[in-house]
Every structure is written in structure tokens, then in C-alpha cells.
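The following pair of complexes shares a single chain, chain A, combined with chain B in the former and chain C in the latter.
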Partner chain A sequence: MAQAQRWVGKPIPRRDALEKAIGQAKYASDLFPEGLLWGKVLRSKYPHAKIRRIDVSSAKSHPGVVAVFTHEDVPNNRYGLFNKDRPVLCDDKVRYIGDPIAVVAAETPEAAEEALGMIEVEYEPLPAVLDPLEAMKPESPKVHERGNIARQTRISFGDVEQAFREADVIVENTYTVGTQIHAYLETEAGISYFDENGRLTIVAGGQSPYRDRHEICSTLNIPEDSVRVVIPHVGGAFGGKDDISVQIHLALITLKTRRPARLVWTREESTIAGTKRHAGIIRMKTAARRDGVLLANKTEIIYDTGAYEGLGPAVLDVAIENCNGPYKIPNIDISATLVYTNNYVASAFRGFGAPQVLFAIESQLDAIAERLNMDPIELRLRNALRRGDVGVFNNKLIGSVGIAKALEIAANHELWRERGRYKSETARPWIKRGVGVASAIKGYTLGALPDKGQVGVELTREGKFRVRVSSTEIGQGVLAALAQVAADMLRCGVDDIQLVFADTLETPDTSVTSASRQLFLAGNALADAARKMLDKMRHVAAGLSGEPPEVFDFLDGYAISRDGKTRISYAEIARYMENNNIPPHVVGEYEVPRVEPIPGTLEIPHLFYMFAAALALVEVNTLTGFAQVRKLVVIPDAGKVINPQTFQGQIEGAAVQGIGYALMEEAKIENGILKTQNFATYLIPSIKDAPEIEVIPVEDGEETGPFGAKGIGEIGIIPIAPAVANAIKDAVGVRPTSIPITPEKLYWLIRSKHGEKGSH
Partner chain B sequence: MLLYDIDVITPSSLDEALEILSSRKGRVKVVAGGTDLIIQMKDGIIPRMDLLNIYGLDELRYIKLDDNDVIRIGALTSFSEIAGSEIIRRYAKILAEAASTVGSIQIMNKASIGGNIVNASPAADSLPPLYALDAIVKVASSRGFREVPIESFYRGYKKLDLAEDELVCEVRLRAMSDDEDGVFLKHGLRLGDAIAVVNAAIWVKRDNRSGLFSDARVALGAVAPTVVRARRCEQLIINRRLDDDSMWSAARAVLESISPIDDVRGSAEYRREMSVNLVYMGLWELTHRSG
Partner chain C sequence: MIFKFRSISKVLILRSGENLYVRCGNAVVRRFSFVLNGKPVEVEVPPAYTLLETLRNVLHLTGTKDGCSDGDCGACTVLLDGRAVHSCLTLMAQVEGRSVTTVEGLLRDSSPDEVQSAYAESGAVQCGYCTPGLIMATKALLMSNPRPSVEEIKEALRGNLCRCTGYAKILEAVLRVRR
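Moving on to the complex of A and B:
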């Protein structure tokens, strides 16, 4: 849609910014419906056990307790997005510490909590399987009847073994990546009630009201039109609210007691029962020719999905798709396994399986550059994908491919050109500095899975527009960006756009808010809706003026005839429509283009990819192992930046989350027990750990995106861990192959290489 | 655990507070900034009981330097106040440095030095400087006042020389003179809001003619049930010419004074190495300043 952009590309303050800053925005956890019952969940104490007996009788008779529910109250007690393997409330077994067993509803939070202690559960502890490699052995205890291999596949193109024989350099390493917790400010939270029309209503943090409704209705066996799901402002999601958390339990309480309810997870519940990023083991063998051309990459991926699959099968696909980086490699061989264990449930987390494998391949590239004595950026550029290339899966890259440009910007950046000077600027003999680079790639959209979304647009009596999307505002700023896109498409002021969002009663299904593609999807559906709306309005303008519809164009809230003589305001058009019973609303739709999945996969390849390059300046204290990121330069391939402020915020936030992933975020699990249950021990970066971050977008435009935009939500985290690891290697001469690179790990690594007294 | 059904008693003077403490001995818990206490009570680490809220007692909030070069810090003084105090920055700078690393700005605004002392975490950041500066803790009760040297105030892990009816009201230090110097070192797992894996404070007195340290105190935290003085290390730096090798030998001598454990923040072995390395870094700083 080629037209002037008045709002797109401008740093317009987000409409939710002020109300959030002054505490007026309402999140689900701020809501206290009148007469509510307090919900609390009893969770498993064992990582793996049979449930022999559950006795809720004394809890039920505890003063203040209104009801206690168990699996017997759930008609279809299994749910899951790919595989219905997860109980709403455990029946036969518990499979991790934190698995829900019973839900209490009481008049006060105190009574609810006391009642939890009165529920008797008789367990028969079973041997737990906590190591994914152990779990893969056939003789291991089975987490599920079907065995511990949740998914296994092998994809190969070309002949890696032949390529290894011909290669000049081969680098082989095993990488391990830890479990990352989303650690959002707002924990999983919601309320439930019957609305005035008797509709069961759930207001809860989430990423897709329609999908949450489906999970509620299929487990509780109630018709979908009897349930309304609303997702208000969400205090962070990062993929962690893609899966069900409080929704079904809330629905159960209100459905059975006919009373409103509130269920808000404590921080500890959130870290225990919330989903996580997959921990994993990645073995990689990569070959190159003397001139730096990559010849082959052989990868083995093992991801620990914990007790249930969640979105694990798709996460594994994304790992498979991106484990070769943004490079042309003629011979690849990938074996990938998703393993059940009695650990915590892993599912979606910003990057969705890509950060793990990019840490591996980008470390490999660095090691190859070192062996070939070649500049690491030059090596990457020599192999970088370009538009029109055929990717590793024989897939033609028809979308925009900005990685080469991003790498060129990195190569010309002062931090890279003058890295020698940056590295020499240290004041203590035990402080060493290094500069590292990494690239990133990830598909946006749901790849080869069908993906369609709708957007509603309505002309109000005042001549403004109400835009209806089920997109969720999880802090990423999609509403502000959509308002800007809508204002430009509907040729009006951005303040004339009112957004109604994430409500199964009020908004059409704009599909899930995930995979970095809500702006892309909703923006395209909005373009369709805008076209339809303006067409309608053009005919009304014609009717009002007697001139033919084709002469009208739209600008600043007016339909204007080509000669400029006739100007009809949107408000006039709206009034005319009302008086003549012309429905003032339209629905736009967009179906994301896709290709057939390659055999052995579910949803890859994508047609559309995001890219980024990053530079990191890291300072290592060799006497403590503490690594501090001093500066980051992140260069995302953005297509077109819709709102520079929001864009910067997304990339900076992702970068800091990436620093956490690289250096400190470590869910410590011992014997199935999470040792890091709150922020005293699960360390995420503090503001003092956030370095100077420079964000430089590549804006080459993606024709299929709204105004040329592509996804940016996830790409910012992906290059950070490898760039930091490569900088650490540059600083101290040892390559970290395990993240997070905590001070203690790095200290021993440095010691093992340099002996006592650090490296000086 | 939720905290409910708790009475909070807010006295309007120190005397009234001491009165209540003695009459409800053992049945009331003092709360100052609450940054330790509330969390511990919620987590069930300490028993739930009524609270004596002394946070409003401004008479315990001061930093004074008297004519005898003695610095007096009221127990309720916050770490923000301590970190920003001209007196502390000039005459007890290692305490100012430590204060500025306590948690975050929010914690520094709320957390009191008295709370830090009485909470008695082996990792408490104010304690190594207080040990290195030979501080005196002043204790009050309705029976009167007592003064206890900091080292004998601690008798074991969270065991204090403090009766149930007593409050800590002040901590007292001797102001550092121009020939004295010191460093505070903290190794945490991130830069902000980090509890020390190991922390340390070194105080030295320089002999102006020889340039050697004529006296020294080295204290380490998070490596034993209480903060410890590393006396063997001190001996190895007093009146000795310090080159790189002798600094390493002195630093390694701290191992004789510590008994670290494994926990979620680090292994005992790592803590041993960090103790040595931190002290080495501190000695390096002191010998490279002006000596």
C-alpha cells in the first residue's frame, strides 16, 4: 500500500505509557471483583510419584473454605497445544514438583492457604528422571506411558561426511545451555465471574484469548460461546503466557461455585509452575574450506521439555531451522530430540528454541575464524545468506534478508574497527577486555503452519475509527504500533484510532500474539480492512456529493475529490451511514503465506526471517570470573521501524534479557527441586548490569509487511549470548561452551587454562 | 506464608520502645527498615509475632563526628545516608563504599545499619568495614546502656551478645586519619542488588617514613558463620615490604581464618579462592595508591 506516512516511523509516545507510569493501567492482578473467592493451588511435593489417594474432606470443612476441586471435577482432564499430555489437576501421577493436584476456593486468602495444608495426598514416590541423556535410555523410568522421547527427527541435505573429508578445518564442540525463567514483573494472574448475560468470563494474563478459551472449553466440556476470555494489559509474557496457567482453574471455580474468583500466582509459584526456556545439549561439527567457505554442519540437539510438551515440538523445529545460522551451508545433518524428564515444564520463551542453537553455531563460526586466522565478520559475510539465495533446506529466500548489511554495519562500527584500543583501556592487570560479534536468524510467522488473522474496523458516529484486534498488549507496544499503522491506512489522526483488544466477545480472532509477527499479521489484516472501509466510505461520499466514487481520495479525516472542490468529513460520512442503515464496520483478513513443511518437521521452513548482528564489549575480572558487558551494539534487520521508541525499547529489553541468559540467569534444579525460586537467588540483570546499548536498524523494507515492517520481538535476544561468549574468548583466551557463563564457571575455566593467579 | 493477625506497636520515643521491649520480652520483634525481617517472617524463617516498629524513632538517626575524633552513627541511619555522608566518606570511607553496595537505591533508602548489624548475616556488607575499623556497638535497655566491641558482639552464626529486652542504638568508630587507608571489596554475582559471595575490608596505617604498613586489619564476610578477622594475613603485611609475591602469600594466609560452605551462590572451594583473590586485589590497590 503505497501512500504517504504521517504516523508510521514517528516516535509517538505510547498511549499506555503514562497510565502505566502512574499506576493507573489495570492488569489482571489489579482486579478484585466483588464477592470474590480466593483461589489457591496445591502442588506436588515430589518430582515423580503415583497418587494413591487424595482426601479433601477436612480442607472442605475448614472455616471459610467454599470448595475444593480435584481431577474428578474436570471432565476432560488433559490439554496441550500439540499433544494433550497435561492434566488440569493431576490424577494418576505427578510428574514434577509443582504439578497441580487440587484447587481451593475460600472467602479469604488465609483460609485458602490454610486449607492447602489440610488436603491429604498419599503418594507413592517413583524414581525420577532428571537428566535428559539418562531419560533417553530405554531402561529409564517413564515420565509418560509413551516413553521419554517426546519427539525425534533427523533432517539432512547433502553429504556431511564427504564434506568433512574435503574440509581444511573442522571444529567440533559440545554446548550446554541452561534453563531460563521468564521472570516477568507480573506473575500469572486472573479473575473470573459470570457477566450480566450469564457468560463465564475469564480476565487473565495471556497471549491469545481465543486459544485460552479453547483450552478452557475443551477441558471443562462447555460450549465456546458460553465463555468470554479477556486479556487486559499484561505485565510481561515473553512466551511464558503462551500456555495455560490460571485460566482453567479459575473457570472451574466460578463454573462450580457460581461466584467470582481471583487466582494470582506467587513469585515462587510462577518460577516453579510457569513454563521455561528449554535447557539443552547441542553437539556441533562444522567444516570450512581454507578461504572461509562453510562446507558442512552436523548438529545434534537435545532439548529437555520437562514433564510436559507445551510448545516443545515447535520449539524443536525452530532449533532445527536455525542451527545453521544465517549462512549458506551445502551439507547439513541435524538430529533433534525433545525429551521428557521430571524437570520443570519448558515451552515458549522469546527466541523459541533459537537462542540455544545460535549460541552454538556462532561460537563455532568464531572458532573457525580463529583457526583460519580470519576476521570473524569477514568469515560471516563470506557465508551470509542474501535475498534470493537458496537456504539450507533448499528453500528459496523470497523475503528481505538483511544480515549481510547488518554485518557490514558491524564491521564498520567504531567498536569493531578500534577494538584494539578498547581492549587496551583497562586499569588493573587482572581485568581483561574483549570484543565479540555474533549473527542471528529466526523465522517470524508460524512458518508452515496455517496462520490467519482478522481485524475489525468500525467508523464511529464522530468520524473516528474503532479497531478491533485480539492481539494482546504484553508490554511490547503492539497497540501503539497498530494505531500508527491504522492512522496512516485510514488517513486520519492517530488519536482518532481507538483500539479494542484481546476480548473474545469484542474482537475477532487475530490469532496468537507470538512468533514476532503480531504487527505483521494484524497490520496486513488491517490493510485489508482499511481498503474495505475506505471503499465503503468512497461510495458514501459519492452518494452525498453526486460525484463518481473514483474521484475521492482520503486525507486527514476528509474524503476529498480529485479537483479539491468537494470535502466531506468522516463524521458526515458516518452520519450518512447511520441514517441510511449502512453498517459502519468491516472485517479484514490476512492469511500468512507459507510453504509445505519439509518431511520430518512440523512447521519449517518459514518464508519470512528476521536477522540481526551484535557486537559486545566485555570486561572479565580474571581473579573472580565476573564478566561485565560494557557496551552492546545491536543491529536488527527491521524491515521498517514503525515506532522508533517502541523499537528501541524492544531491542534494548531483549538485549538485557540476553545478558541475563548469557551470564547469570540459572534455574538451579537439584533432584527435581528448583533452588532458585525467587529473585534473591534467580538473578536477572539489575539496571547496573545493563550497559550502554546502541541500536542501529537496517531498514530495507519487506514488501509483504505493513509499510515494509517485519518482526522484531525476538531477534534482539538471539545474538547476545554468542556475542558475549565470543568477547569473553577474545578477552581471556578460553571459549565458554556452557551458558550461563556465571562467575564461578568462568573462573574455573580460566584457572584450568592459565593456572593460579588468573591469567596475568 | 501470608502475614496477618499481627499487631504493630509504634513507640514514640526510645524510652517507650525500651519499656515495651522489657514488658513484652520475647513476644515482640523489633522492626526497623523491615528489609530483612518482613521477608524472613513471611518465609517462616523466624516465628510470626507482633512487631515493635522503631522506624519512626528519629533520635536514632544521625551521623556525628565529635571532638575526640569519634564517629557516632545512630542505629536507624540508612545506608543511603551513610553512603552520602561527608563525615563517613572522609573519615570512614570503607564504610561509605560498603554502604553504597547494599542492594539497590530502594534498599539503601530503607535499610538501617542497626538492622544490618542485628540481622547478623555473615554476608552483611557493613560488617567487614566495622570489623576493620574496630567499631563499638552501643546497646540500650530499660536497665541502661552497654558497649560491646564489634568482634565480641558476635558469638556464632546469628548468635549475638544482645538480650531480648535490648536494642542496638548506636555504632561508634574512630575517624581515620591521613596516614590511614583502606579498601572495601565485594564480589557478587551481578552489579546491582547482589548479596556478596565474599566481601572484605582492609584497613592499614602507613608509616610515612618507611612507606610500610605499621598496622593493619583484614576482615572477610560470607566465608564463616560470622565475619572473621584474618590475623595471619595481617601479620604478613605489617612492617613488610610488599611485592607481588609477598602480597599473594599474605592473601593466601586468609585461608587459615575462614571456613566457607557451599550454597546457591557459590561452592566452598570457589569462596576460598575468592577470599584470597579479593584480599590480593585489595592489597594491590593499597600498595599502588601512595606507598
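Moving on to the complex of A and C:
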């Protein structure tokens, strides 16, 4: 029998929305345990320096101060997911401005703040390396003992040089992409305490409770079952809470003082010490035949990971994997380097390395279309990947591939068909308009690495279900989507699903909430759990009625026999289970199918990809260089939309972050000092900067996903910057190769091209 | 009811004339009276405390959010005598004797205000950290201008940053409750 879909696909408002709107939802920053200590962190003043001496004695004796901790209090003072290169509290050196040196715990925030100023740190400043190209030179000062090359790899297929000789057109450009700051509204925050069973409990904004617990326990050298990590509602994350922030410092305070603690970063602290999107340099040489068929792409990627790696090695992998766009290109050559500098730490940020390289390749495609005098969408369609194709890494695309369909929708959209009219509709001669297009691709699920998750389902006494997932609600609506999926799978109302989430004590490990995969992974594990649960219930129904189990099906909270004569409510089944000591819970599991990673990579290629196309209408004031997005059309390949309202919201939100990335968000770093530390200097889009956004999902169905759904959390941001840049080129005839395209940059770009002609 | 600065019991209390001063570390506290969500309250906090610090850190009324403590994000917006203010920039001395409404104060017999429902139903709430501030800014706008134009809405909400939604659904929510 076909799976009934009563809840999946419905735009029902998220269950947490009202609770948040009335101010009742509790975030980590809203918690004040009784008798708490206020934590504050002392951070480095130098981008690179030896630590000669740390003296905390006067800070310790300051009234109200209970404890001050340094590296001496941390048993294993290095952590990191790929490389344990990051100190919990700095010992030998500081490697960026913001590196933590000491943690103060005091009775009041004022006393903690005052004590920070009383800690004496004697530094021996070292020359800082701030430019990744400089850092790559062997004679450059070393950020870490192992040198400044954190990771370097080269992947090639085919023969690019041969292809360049045979090509009709070759486009070569160097692109630079700036640092982007997550700028979630809730800064990194948490509390810690010993629960009634003596378990050290950390409640903090994060993305993976099990991974956070692992980092806490390995650095503080305590057993994992003595620690509980809970992640409540999180006030935004976008990848920025994938790494450790407050967790280990909080655990340290409570472990040593036996008192509850609270640690909340200030906005400035969040912009300095929080991770960022990698800044980088991307050189690309792309060749095509006269008919538009792409022949070769040679790419050099340099990403600045700052003082520590974080998730940088994996981010670099995603850059490598996606730098050729969603296209068939027979000859590719990629060299990629992840470089340590004394800049701010870069790690995960929505898109995870893809937005940078897609900006490059999609600008390249536009330049080729222009040289060939071809419609840019037609050029993209000619080369677009389709299901069953072999990708650039010789990988067969077995999952759904919706990019051609998305591009066709773009080509037929009136913004594209009538772009001539849109462009002419400007009020003043110095205001120019342009329309640009771009595609996007990104693998989802973690890739070639083992990736497995569990979900628990429990039938309650009332005949409702408790679903346990360690997925985190970072604003993306995964809980609401899972509730809808669960209701359909367990054949009950969506209100009969209670979700317990992100708690190492209460929920099984559903793996990390990143790579746009929670819905996919948790959804599939949930399907397994639902199957097991219904099977169990079928047997109970049989026991209760004397009929064979196979005759029972489930609908609306009842087990119903095939002839419709026997109806047994879920509550009756639950009671029977209780009375007969049948455990009312099951655990479902799902392991993402994967392929062998290709040599030189960590985890690529992925088996599944998400795609999108976008159109942007941009207006440029040629007198000031100020560019503004007037309209966006985003066409994501969604597989199947579980909840249209949450789906649209995810895409719209990502798109506006993309506008910030493309035009506004400039993290100014001078001599290792971040000059844009708050919302007054680091400008993120306001409601005034947000254009009209049209979202048109392609619902081709990914049969391996729950009800055909794909991950969609990240794809929305990826095509925006290149679509905006291509629209600017269309408007003013010059191609921006550096994002963010600030008014200053664009003004000079327009000026510098005045005398020249025919440039790309 | 008098709410006290958190660690009051652990520190020296001094009396001087009418006012109660409490030393805490190097902090001195002072008493302030105002009306909060319709009820009179008195608090004793350091005189340099902002309304936001008082609401969150002392009263633990955490519906009002702290996004920057600096007047740049709007997450802390509350109504002061019916006008929207940034509570992070409002000193307790400015609140003395006046009336403050926070997002919790919009509930009537525990049912949500129409602006709150509109935000929830329009999908204008994702992570929700900006939401209380936006709701209070919307409330203030509609009280002074029940039928705002799209431009007027954008102007009124331009100081309220949201990193999640892209603002489309926020605009939709306000249009839903516009008269």
C-alpha cells in the first residue's frame, strides 16, 4: 500500500514558532542556574606571541572571584576534529587576537570583568603572518610547528594542458573571496552544573551534542558517561556552532569549583573568537569549444584557515569537489591548499567551502558565454550534469540531479525572458540594471566518511509517540519537519508526536547537524524505527484480537484489520504492552551509503548532490559604485518539499545571507586586528536590503530520502554571489572578481575600465 | 516585590539615608521602581545597569533578548511608555517611575497577542532570537500607525536584524495584522 502523506508537504507552522514568539522558548543564554558563577575569558592581545609568564595571583584574590584557570588546569590541552592543534587555554603561544588564555569564575559579571584586567600576561611578540600567500613561503614565520601548510592536495583527471591546446576559447581569472562572519543573533552561550545524579551537565548552543561531549571529555580527561551535553533552542548557527566555543571552559569551571556556571560571549567576542567562512584566492583557467562544450578546468584554491584548522580540511574537500560546478568537464586539474595564518579561525559556514568556488566557476561560465556570444543559460544547459552521468571524478551520479530542470525554469522565467525590459526600466541615466544567472552544486551527507545515525521511538501510555533524536534545532526547522515525517510514518496526527532532541542522556546519537543532512539522515533512521515500531504494534494487535498480525494496517492512531471490523487504538496497544512488559521503544538506524574516497581527498565524492539555479536583478549606481539587489529568483532542487513554509524560509534566509556575502559583509582585518567587531561596523542585511525573493522548488524526488526529500539547508546561499556578480557585469560591463563587491571596489572597477574596452 | 541583585547575600550591605546601597565586588546598587507588564516592581541593581541587564540578569525575564548590548540589532526592543526602545541602551534611571512592556507582557490571559500569532503562523520565526524584538517593534508601529505601507513597515523595522529569515515572512506577518 502506498504511504499516505497527510502531513508531509503541508505548510503547517512550526511547533516552536509560537513558543518563541511569546518569549517562552529557552535558549542557552536564557538560563541562570541557582548559585551560578559568571565566567569570562581573557583573550590574546597579539596575533602571534610567545607566552613568557601568566600571573593570576592578584586576579584570584579580587573580591568576588572564586577561581581563575589557565592551561595548567587542562589535562589534555589540545583539541580539534581533524588535527588536535587548538589549545583549550593557550600555553606556549598565542596564534591570533582572541586566543583564550585564562578563564575567570566570579560571583558577579562585574567582578569577573574586573579580574580579567588583573591577570598579568607577559608576551614576547613574534612576527605575524597574515597573508596566506606569504604564509605558504618556506621562510615565513611558522604558526604551528608543523609549518603553515595545513593541508595540500592535487587531484587531476584527464589532461588539461592538451585540452587547452585544442580549445577555441580560454578564460583565466583570479578571484578573491573575503571572510564572512556568521553573525547569528544569539552569541555563543551556555551554562553548566552537576545534576542530581552528580553528572556534569553542559547546556550550550551547539550543533552536535555527542561531538561536543567528546571534546569536553578528551581535553578534561573525564569519562564520557559522567558528562551530559544538552543543546536547547539555538539562536542561529549556520555552521558557526559546529566547533567548540564555551563548552570546555564551562565544564572546567564546574568541575573544579563544583558550582554551576554561566558563560556567554559578548557580540565582540563572538565576532573575534567565533569561527568564520574561509577567505581565499581561487585561480581558474577554463576552456571550451566553439559550440560551448566545456573541455577543461584548471583550478588553484588557497583557503586561509587562520590560526587553527577547525573543520578546514573538510571545507577544502568541499571546495575541491564543487569547483567545477554542476557540469561535465572531461579534463580537470585542482590544486588546493589550506593555510595557517595568524588570522581568525575559519571553519564551517553554510555552504562549507562551496560558495567561494562557485563564485569563481560561475563567473567563468559567464565570461565564456560572453566570448562565444552565447546565452549564459544555454551554455550551462549544454554542459549540465544529468542523472546517470559520470561526474568529473569519474563518479556515476546515481542520485537525482535537478540542475537542468532548474536552469530550464530559469530560462523560461519572465525575469530572464524579458531581461531587456527589466534593464531599461531605470529612472536615471547613472543607474544601470542587469540580470545575472548562476548555478550551484553541493554534495550532502558527509560523503565518503562513515556516516550513521540513530533515532529512538517510544509509544507512550496515551498512545502517542516520543521520538528521540540528537538533531539540534538551530533555527532550520528540522524538528518540525521530522514531526511531519514521523506522523506520516507512524500513521497518527502531527500533534501526537513529541520530540525529544539533542541531549546525550535522552537521545541516541543521530550524528552531527551539518552538511544539510539532518533531515535526510534522521528521516531515514526514523523510517527504520517506525517500521520496527509498527511491526511490534501489529503483533500486539494480533495478540489482542486473535487475528493474524498481517491483517493489520494503521491509520489515524488505530490498528485496523483488513476487513475493517477490528479497530484497536494505539492507547489500547500501549496499555497491553505495559501490562505484558513488552518494551514500548525501538531504535532505528541508518547508514548513509558511500563510495571509496578518491586518492588525495578525505571524503569525496558524495553519492548525493543538491543543486540550485538563481536569477538576480541588480541595480548599480555608477556614480557611487553602490549595488543593490532588486529581485531574486531561487530555484532549488529539493527532492520533495516536506514543509513549504519552512522550506521557503530556509531558502529566503540563505539568499539574503548570500546578498550580504556578495555585496555588504566585509570583515576588515588589519594587522591581525578585526576592525569590524559589531553590527555597526560589520553590516549584515537589514529588511531594507532584502529584495523580493521568489522560490521555485524543483521536486524531482530523491527516492533514497524520506518521502523523497533532500537536504536543502545550504544550497540557497551558493548561487547568490555569482548571480549578483554576473548581473553587475551585465549592468555596467565590468566583471567583479572580488567579493564582497563593496561600493568602493565597484566604483574603482567602473572607473578603471573606462578607458579600456573589450575586456572580460 | 523587590528583586535583588544576584549575589546580594554574599556581600556587604551599607545603609545611607533613604537609599539602600549594596557593595558587590566593586559594585554599588541602588533601588529603582517602575511598572513592568502592568505590575509595579522594585529592583536593586548597580546604578549603571541597563534595563536589559535588569530584565535578563536580575529578573530572569528572558523573553527580551540580548543580541549585541550596543544598540545595533534590535533584539532587546521593549516598549517604554508605549514607545519602542532598545533596552540595552536604556539606563535604569530612565526607567524610574515609568511603564515597561516586554514580549511576555503582550499575553492576555495566557493567549498570544495577534502580532505574536501572526509571526508564528507566517513562518516569520526561525531561530527566533530576533523575534521578540521584532514583535515589540511591530507592536509600537501598529499602535502609532495602524495601516502602515510596506515602505513604512521596512522603515520601522530596519533596526531589527534577523539573520535567519531573509525578512520576507516577517513582512508577511506584519501585513497580516495591518488594519
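What we mean here is this: the second predicted complex is superposed on the first by the 752 of 760 C-alpha atoms of A that agree within 3 Å, B and C clash if a C-alpha of one lies under 4 Å from a C-alpha of the other, contacts with A are read in each partner's own complex, and residues count from 1 in each chain.
Methods note: a residue touches a chain if its C-beta (ideal position, glycine included) is under 8 Å from a C-beta of that chain, and two chains touch if they have at least 3 such contacts.
What you see is a predicted model, and the numbers here were worked out from it, not measured in a lab.
When both complexes are overlaid on chain A, the residue A:K688 reaches chain B and chain C alike.
Once the two complexes are overlaid on the shared chain, A:G653 sits against chain C while remaining clear of chain B. Judged by the touch definition given at the top, the superposed model places A:A680 against both chain B and chain C. In the superposed model, A:Y747 lies in contact with chain B only, and not with chain C. Of the two partners, chain B and chain C, it is C that touches more residues of chain A. By the document's definition of touching, neither partner reaches A:I361: not chain B, not chain C.
In the superposition on chain A, contact of A:L294 is made with neither chain B nor chain C.
Once chain A of one complex is fitted onto chain A of the other, the partner contacts of A:E110 extend to both chain B and chain C.
Looking at the shared chain after the overlay, A:A17 reaches chain C, while chain B stays out of its contact range. Look at A:L623: by the touch rule set out above, it reaches chain B but stays clear of chain C. Of the residues of chain A, those at positions 109-110, 680, 685-688 touch chain B in one of the two structures and chain C in the other.
On chain B, the positions that touch chain A within their shared complex are 1-2, 4, 104, 187, 189-195, 197, 248, 264-267, 270, 273-274, 277-278, 280-281, 284.
For chain C in complex with chain A, the touching residues are 5-7, 10-11, 24-27, 46, 56-57, 60, 62-70, 72-73, 75, 102-104, 106-107, 112, 116-117, 119-132, 135, 153-155, 157-171.
Partner chain C is touched in their complex by these residues of chain A: 11, 13-14, 16-18, 20-27, 29-30, 32, 62-64, 106-111, 114, 182-187, 233-238, 266-267, 474-477, 645-646, 648-650, 652-657, 678-680, 684-688, 690, 692-693. The touching residues of chain A, when paired with chain B in their complex, are 109-110, 113, 428-430, 623-624, 626, 628, 664, 668, 675-676, 680-681, 683, 685-689, 742-744, 747-748, 751, 757-758.
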